[in-house]
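In the part that follows, the structures are each spelled out as structure tokens.
First subunit A sits with subunit B, and in the next complex the same chain sits with subunit C.
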Partner chain A sequence: MDRSRDIGPFVPGPDDDLLICRCEEVTKGEIRRAVHAGMWTMTEIRRFLRVGMGLCQGQSCTKLVKGIVARELGVSPATLDPETSRAPMRPTEMHVLGDEKKEA
Partner chain B sequence: MANTAETIIIGGGVIGCAAAYYLAKRGMSVIVLEKSDNIGSGGSSRNGGGVRQSGRDKRELPLAMYAIEHIWPTLSEELGMDVEYVKKGNLRLGKTEKHLEILSHLAEVGRSCGLDMRMIDGKEVRELNPYLSEEVIGASWCPTDGHANPLRTTLAFYVRARALGVRFITGEEVVALRKVKGKAREVVTKDGVFEGEHILLAAGYESRAIANTVGVDIPMSKKLLEALVTEAEPELFPQMLGTAEADFYGHQTKHGSFVFGGSSGMEGVNLDNHGRLATSSITAPCICRGIMKYVPKLSDAKIVRTWAGWEDQSVDGVPVISFVPEVPGLVLACGFSGHGFGISPAVGLMLSEMILDGAPSLDLSALRYDRFCAKI
Partner chain C sequence: MERHDLIVVGAGPSGLSAAIEAAKCGLDVVVFDECARPGGQLFKQIHKFFGSKEHKAKIRGFRIGEELLKEASDAGVQVVLNATVLGLYQEKEVLVRIGDEIRHVKGDAILVATGASENTLAFPGWTLPGVIGAGAAQTMMNLHGVKPGERVLMLGSGNVGLVVSFQLLQAGCEVVALVDAAPRIGGYGVHAAKVARCGVPFYLSHTIVRAEGTDHVTGVVIGEVDKSWQIIPGTEKHFDVDTICVAVGLSPMSQLLTMAGCDMADDPKKGGYVPVCDETGATSVPGIFVSGDVSGIEEASSAMIEGRIAGIAAAKYLGYVEQAAEENEVHALETSLDALRQGMFAPKNRGKDLRETEEGCPISQNLLRKGYLSDEEVFAYPGVRKIAGVHPVIECTQNIPCNPCQDACPKGCITIGENITSLPVVNPDAQCIGCGMCVASCSGQAIFLVDEDAGADTATVTLPYEFLPLPKAGDKGQALSRSGAPLCEAEVAGVRSAPAFDHTNLLTIRVPKAYAMRARFFQPMEGGCAEWANQWTVPETSAPSFRGPMTIC
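Here is the complex of A and B:
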């Protein structure tokens, strides 16, 4: 994918203040601006803005973010790969996760 | 669009993006080719974020000291994006007499190169960081070390380089280099051919196979490491932590979460991650046990995410940053061995000087590609 493709200028929208990622408090406008800064994949958007890196790990906002990014790039959301889901599936305390080793 | 530029960079990681930025800043045309779909896909986005001089080999220490003195403090302003650089020191912790021996040796090496680094006892350690357990009996302390956010740093170099006109192409896998009239000139990918006066190879471990196509070999191997991150916690301490045996390392980020990296020691043989870029079920728990022994207060912190990454481990533990006299036009930057992030801005700058001025302003002769030889 050639990142020099012209996707047009960033045009401010009336709903840019809408919160999309509630865990990390990222707005629609921030996501749209990130696309224009060069973040063209879901993984890059996540690393750039922290969307989907909060407590819910993107289970609430991923679909919304994908739609916004796809529209900004002028492509179908189906062409965007999801970001990697990572263990553990639920936030887990260190003393719980580290407790699988049995005493001899 | 033409597939030609003055410099072709292979690898869109932090090294490739930083070099692209410094080259473009001085007016050079640059194309960056990245195999993955994402910029900063490898170690650049997976490391622990350490920006340290302490514990480094003498051969690469000048790069770290230069970066920390001249580049890191103003990098956020220069790139127009917060890279979350914090310069609040590095504590390398010891729990046994043997640990303290290792640490004293590292501190001596640092001091011999002019680095402010000394040994402190357990009491002084806990004055600096009251959350460390009584098991810690001493540490090496380097007050000018620190940490930064590797994801933001890599992407900030990318954003600025792209804004300066660098052409980035992702999903473009390089398969070979080709010489024209004795000079490295063509970069062959699965989909086409790119051509440049200069070719910079900064593709991590994959650099080895690409360099092989023009008869150059860098002895290195791939090593898997894992990392984990907690939910946001109240601010506890600003230092970067490491240990004498390097069994884990980490820090608290600006966001509040703690990032820790480590390994289980079973990476080479574990079925879960043997040969694959995947986390193993035994590693994060192992890192957690290590953390809780050093920082008991974190035992209630929740882990939200774990990930794995490859290190491009050169056989002598320091990178190759080098011209190749047999292949004029080719510059190598690989084998960073798990500690490339902290020096990456300085490496990017030096690479731009090598390409534009014919030589870097720091002496990097100890990092040449032809330094490797048999033991007897």
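Here is the complex of A and C:
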């Protein structure tokens, strides 16, 4: 990825206050600003804003976020790599995750 | 560590089918599913499926689910419910949460059949209670018997949007509009037609501008979109609704495969990020297989065949099946799968603007934009013939893989032929006895029995009817057109229900002869559907007009 590419300045939009990630309450404007702050991959966006890291684990917003980031970068969403997949795939309480069944 | 020959992730149609085939080959198979009930989405599907006999056509989805569960238990498949697979690691190790316990389980082969999740659309107000996925509406209605709302707007005209709209009507909801940003209806024309004749207006090239309400949905505004999907100012329309249903496609839930290190590709035609796999579902990681929606969004019928193929492939991978036997079985299944992937809605034809059927009949543009055939267009198809006495009128006008009507007729009135996507042809010389088997067997509810010689000035029309309360002979009401507009007074001449019809009742109405080829639905004077009466006072000519280019053939 050519990080020196000029994607232009951040231009405020009328729907910047639209909630995109409901679980972590992240708006469209915050995602667009993050791209202009240099977060050009889905993984970076996720770490920066916590989108997709809430209760639904990105089930609702991932595609929306990808579309917004791609549009801001002026590329097709299909060219953006998805964020890293990691266990646990579903929200799991720590007391459960940490309590593995002992082998008999 | 607990180990199995094959671990299947997901007990939906595809995962169960794979597990059944693998177990039949002698593998020790365990299926994990995060839900409390097996069957995936199948138990929400109360409509009859398409295809041919081998694809379980004209059987309702939930019955197919029941058959699969029985087959799985007979084959010795172990299905573990409330078992959430949290991770898939190297050496095919699965991390699964069962109840409040975390277990590591190892499989010699893994089959991931996790399916897909619903896409969402962000518009102002989309987080208000009352904005729900179409799948959620189906779960509420068909699994839990809960009405999602009273007045609903559906966004999305794919098969999910169309099928769920019809089910909402069946549940007694009012569907105020069916909206899609695309210029053409995405799902089967027959699904659209059965929604349209209940009086639901279609708004193509429209999308949601905003949902209204403070703590729940009280209304919605839609607007027409231009070629770059921007709302055209001045085209906004308001509807009072308490529910907005979103059916804007599905995305494969393929995260486990990414985690397992399988080669992946972003393929918009398959619905998103999918594993790269061969025709047996083998991914780039030896021993990890995929089938169903996780490898590309399709219908449940194809997901079940893909599952069977992948199950046999996994058995062969582990040495339980000889190469030759595997090739034979897989080849037969692939032929069956290929038959489902033909026709106008085949993956290869997605997004194409087809103008003619395989037979050279014009494809109705009214059907694609408004959801119904015009009174003139209907005569362009081989299923519609003017014949003396009672005869079937088959308003099946798009090449879709389906042929139960051909087998249903005991008198040879209906021919489809070898190619199951061909349009059904009504043979004018065969003697229809009015048994109605074709009407009940049509998964698209597109067959009617018409008798223009039923009386001096009257004709009878027999139509498929899946609403309650069921009208009875002598009931009076209105006959509705294909667009759901009131046409004329109609009287119920008879209602037939039989186990062979599988809950599709045959309602025969008597109408003036002039309306024999126009009357396609019945609105009882009072009763279950009375609350829709207001909507149906709109005369047919004032149906919503469209700005886009429109060809009327």
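The criterion applied here is as follows: the second predicted complex is superposed on the first by the 101 of 104 C-alpha atoms of A that agree within 3 Å, B and C clash if a C-alpha of one lies under 4 Å from a C-alpha of the other, contacts with A are read in each partner's own complex, and residues count from 1 in each chain.
We adopt the following convention: a residue touches a chain if its C-beta (ideal position, glycine included) is under 8 Å from a C-beta of that chain, and two chains touch if they have at least 3 such contacts.
Worth saying up front: this structure is predicted, and the values here are computed from it rather than measured.
For A:50, decide between first (touching subunit B), second (touching subunit C), both and neither.
first
Quick check on the superposed pair: does A:86 touch subunit B, subunit C, both, or neither? Answer first, second, both or neither.
both
Looking at A:1, would you say it contacts subunit B, subunit C, both, or neither? Reply first, second, both or neither.
first
One more residue to check, A:63. First (subunit B), second (subunit C), both or neither?
second
Check subunit A for residues that touch subunit B in one structure and subunit C in the other, and list them.
Residues common to the subunit A contacts of subunit C and of subunit B are 84, 86-88, 92, 97, 99-101, listed in rising order.
Where on subunit C is subunit A touching in the complex?
Touching subunit A from subunit C are residues 1, 34, 84-87, 89, 95, 97, 100-104, 117, 119-124, 126-127, 251, 253, 255-256, 258-259, 264, 266-268, 272-273.
Contact residues on subunit A for subunit C in the complex?
Touching subunit C from subunit A are residues 15, 18-20, 22, 28, 59-64, 77-79, 82, 84-90, 92, 96-97, 99-101, 103.
Where on subunit A is subunit B touching in the complex?
Touch residues, subunit A against subunit B: 1-4, 37-41, 43-44, 47-48, 50, 53-55, 57, 81, 84, 86-88, 91-95, 97-101.
Given the complex with subunit A, which residues does subunit B contribute to the contact?
1, 37-41, 45, 151-152, 155, 158-159, 162, 167-171, 230-231, 255, 279, 281-282, 284-286, 288-289, 291-292, 298-307
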